[in-house]
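Consider the two complexes below, in which chain A is the common component and chain B and chain C are the respective partners.
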Partner chain A sequence: MVLDLSINKYSDVTYEEKERLFEEAKADDRWEHILYGCYECGICVAACPSARFYDFSPRLIAQAVAREDVDLVYTLMNDSIWDCSQCFSCDRCPRQNSPGQIITVLREVAVRNGLQTAKQALEGYGRIIYKIMSTGSQVSPDMLQPDAFPDWGKHVYEIAENLDIWRRALPPETLHTTETSWKVDDKTIIELYLIWHMTGVMDLIEGIDEGLFMILVDVMEERLEEAGYDVTFD
Partner chain B sequence: MIHLPVSKASERIFKIDPDTAPTHDIREELFQLEKEGELEVIRVPEPYMEVKTKFGRIKKIPLEKTWHHKSCGQCGHIPGYSTSIFWLNRQFGLDYYDPTDQTSCTAWNYYASATSNPEAQAAVAIRNFAAAHEVGYFPLIHCGTSFGHYKEVRHALVHQPELRRKVRDIMKRLGKKLVVPEEVVHYSEWVYAMRDRIAERQVIDMSNITATVHPACHYHKLIEEDAIYSEEIYGAQRTAIITGVLEKLGINVADYSTWFDCCGFGFRHILVSRDFSRSFSVQRKIEVMIEEANPDVTVTHDTGCVTTLDQSQVAGQAHNKKVGLPVMSDSQMAALAMGAHPYKVLQLHWHNTNNKPFMEKLGIDVKKKWAEFEVECDQLKSGKKEFMSWEDAEN
Partner chain C sequence: MANQNVLIIGGGVAGIEAAKGIADLGYKAILVEKRDRLGGNPDEQQYSVLTPDRRDASEALSDMMAPILDNENVDLMYNTIVTGASGSVGNFKVKAVSMGKEVEIEAGAVIVATGFSHFDPGRETQKYGYYEHDDVLTLTDAEKLLKEHKFVRPSNGEVPKRICFIQCVGSRDRQIGNEYCSKVCCGISSQQAIEVREQVPDCKVYIFYIDMRMYGYWENEIYWPAQEEFKVNYIKGIATEIVKKGDRLLVKGEDTTLRRPMEVEMDMVILAVGMEPSEGTKKMAEYFGLKQNKYNFIETIGGPLDTVSTTVPGVYAAGACTGPADLEDTVSAAGLAAMKALGSIRRNGNA
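Now for the complex of A and B:
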């Protein structure tokens, strides 16, 4: 899809609102360590995998934020940043910029403010957020199902059919699990939930997917209560 | 005509020298913060091996007393990867710890969705480090992304006093200390440090094998100065990781033009925009490797890289692309060289691309080995035993 950079693209959003979001990004503690200006040399683009497959340019993003083009930053925050592969190949910037990290910060701002485009970018990703937030593990063996990975071929059928036996045929005792990647102590999960609570991460989830937030809150509050913690995420 | 004082290229020597490094040594800053009571540094236990990093600094790689910070993607989807790491430790009789008081780093999600923040990410890292320290072991990080991310966390904690304060408060409420390891060590660095000992125990000749190497982006691009480099490997112009091990095993490591490119994993992409992952992996990595180097196998050292390079070949095959290249981790290659069982230990049935021709080229009787694994599975199915043990896997 061709990136539409016309000034009218987001004319329904006030300049003040766009500026507010940009200022939020600039206020991040990392900002001064990841942006030093831009030579427009294009080394970041040459190294970027996403630039080969999308109308995507880390140079464009570094330029926009370096010259503080508020309108352009807002457009990129909506229409471009989610194409980044987060490989940080662009960290070879001769000016010591990290376009990948600039994008990380812009993504956080987009999520924190519940931008519609961030919600769209993360559509279908909810089950992953549920898994990581509730178990501390991004993926699990039982996610290897043909309907989840149809493009991985018949091999996924074979794994799904043999999952229980093949997991028990693993020598490390910690790996005989199917719902998590390894056996995790109850107290470890409780500590993870307390970290989510103390760092306000659940607020981000609420901004992106309220239904998912409610499910997660139910799961976490129940386990925390069982463990003797009186914690609410509201 | 102006003659510029340029030396001949053949006379120029590129030498890594810590005295001319463009960055400060973060470990000195860590120890200073420890003196000031800001945090506690977890020392690398002895015995350790000293290796050189990008700017020529020395990095200590612990050989034992290692606390294995497992990878969710490895353990979940390609479990022979981690099993091989443990198997190697057991073969050398090394003291290691496989914890259940461990979460993943949660960085895969962070890079994919940004539904986290620096405080949460640092707290997750320090909670895991503290869990290792409490049982007297040193963290060894299995995942390339966890490794890169934890280096960034350490960097942020050193340079951001407010983040340090927040994380210290969180740890206090969890009854833990703010502890940071002296070195952030990736398992592949341990394999590299052990390469001579691995080669001494090699029982399978691999001299007829050509391999390509894919280094993980989050290993050598995030906090690049902390990756292993060696004058003997690519003149220290590229990381020596993986290549140093394969060459020690007698394997011919072949170069290809997209060595620096990522695998196409993309974090968010591999889960919800896989068209990108498939295309990049096949067109920029696998096809290029086959066309330029015609390898028997490609070897990498990270969760996402093995998964993406391996699984993406299914779609490539459907489009008549040049694919069919087995993908393995360096831990699996090292274990295989030392005679590990390809299914009981390497668990190659979890991989997708056909690896049988590669094993047959090594003289391994694939049918026999699979039959031996099926015997184990039959015993599990019949209830004769509940799990396959290490003893079963080692026989």
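Now for the complex of A and C:
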């Protein structure tokens, strides 16, 4: 995608709404430590791996927020911040700005406010988010689908067929699992669900992906009820 | 025997500092000033604060001139204009009109401290409409408004909501003939921008520039605070013209680093005018036969290692009569000129 800065692409969104989102970013505790002033020198772009492959510029991000250009910040929040790989190579800024961390904050604002592009950017991660939030572990062995990984060679079929046995061959008992990466005990999972609930993570998920939210609520409410907690997520 | 007195021409910052130096060393300084008071441009143009320490200009100048006001080693001659000169080191005879009367002043050495004048942006850069639009100002015009704490639009007396500075007006411009950088305007614009943000916090302030040049501590004392604390917006790109739009000014330029054309409405535009040699500087060069550079500033002959000696032995030049200078440069050069002037008298007096 090519960024055309000559037009105010999101002129349908009110200035007040854009300003509200920007103010939310500026109110973040990290803000004063990650944005000072921008020389527009381009050292961040020179160091940025994403900038080599996309029409993406960490300098633009720093410039837009330093200039408090509310319209431009909104455009970048929609069309640019998801192109960052969050490697923080840009942290070499002589003014000690961190375009990467500015992007972190802007992404959080985008997610909290359910911006359309945040939904799109996170769409492909639904399965992983579900796994992490429901089990506390990330990629599990049973996610290994042989057809999806031809580059792993023909043995991948054998391994997939007898996954359970292969896992039992691993020395640590906690890894004798197929549905999760490791054994997650009841106490951990209950605590995890309570954390998701109490810290507002579930609200974020609801704003971004309602389907995923509903599945997670089913799983969590049932498990929490069994453990004796009376928790509702609405 | 050489005349032991030093004539200082010009009662601005350079002249005051030179006179103090001469007097402190136990010699007589004769300070001639065309106006009826000391202080030069900062006083005449009603500067608000000094750059870079942001001290109140009137107060700082009063403190600076106090030691020479009642000093038996300093003869102050106000309302005095030099009209001619003859003689050589150890024995200059300088003609002047003082309080309406013709006089002749004798001195062993001379320090020219006649300074600069601000570039008149209406003279050659009509593109900014300085004579045309009431709300197009120069840095000096803005100083007066800031000093009075009445930073309002001259056209209607309203408090501005959005203003900009345009840098390098009359400087770095081959078309005008002033190819040099005037050295102080970046810092002064930035400092005025800070003052505007302090006095009118709701006013957005933009600075359109070619390069921002704030060397040494001006970087962290002016530039960074302006940008980081006071949220002054620096945009690399110079306006090409200013036209009237309704009761505001439409500034046209390019936002170069964002690669987009820029047409923004402003309530006031402040032109960062540079320095040119003052009339007095040009006249002194003529009367004393001092070589001038192509811009008519007085040429100093020692390169970077001697910033005050002119082509005429016994005549020294200090401050902005030799080229764009900030206060630090000016005061340093004035002290050096005082020392060298006395040195020339002592060397020649014994010959």
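The rule is short, and it goes like this: the second predicted complex is superposed on the first by the 216 of 234 C-alpha atoms of A that agree within 3 Å, B and C clash if a C-alpha of one lies under 4 Å from a C-alpha of the other, contacts with A are read in each partner's own complex, and residues count from 1 in each chain.
Heads up, the rule we're going with is that contacts are C-beta pairs under 8 Å (C-beta built on N, C-alpha and C of every residue); 3 or more make two chains touch, one makes a residue touch a chain.
Model, not experiment: these values are computed from the prediction.
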* Touching A:Ile215 in the superposition: chain B (first), chain C (second), both, neither? -> neither
* **Partner with the higher number of touched chain A residues, chain C or chain B** => B
* Give one of first, second, both or neither to describe whether A:Gln63 is in contact with chain B, with chain C, with both, or with none. => second
* Touching A:Ile205 in the superposition: chain B (first), chain C (second), both, neither? -> first
* Asked: After superposition on the shared chain, which partner residues are touched by A:Thr188: those of chain B (first), chain C (second), both, or neither?
  -> first
* Can you list the residues of chain A that meet both chain B and chain C? -> none
* To do: Over in the complex, which chain A residues touch chain C? Could you list them?
  => 5-6, 36-38, 40, 59-60, 63, 66-68, 72, 95
* Mind pulling up the chain C residues that touch chain A in the complex? -> 224, 227-228, 231, 233-236, 257-261
* Along chain B, where are the residues that touch chain A in the complex? -> 70-77, 79, 82-83, 86-87, 98-104, 106, 108-120, 123-124, 127, 131, 148, 156, 159-160, 162-163, 170, 173-174, 217-218, 221-222, 224, 260-262, 264-269, 271-272, 274, 276, 278-280, 284, 311, 314-315, 344-345, 347, 349-350, 352, 373, 376-377, 380-381, 386-390, 392-393
* Asked: Across the complex, what residues on chain A touch chain B?
  -> 29-30, 33, 47, 49-50, 52-54, 82, 85-89, 91-92, 104, 107-108, 110-111, 118, 121-125, 128-129, 132, 136-141, 143-144, 149, 151-153, 155, 158-159, 162, 165-176, 180-185, 187-189, 191-192, 194-196, 198-201, 204-205, 208
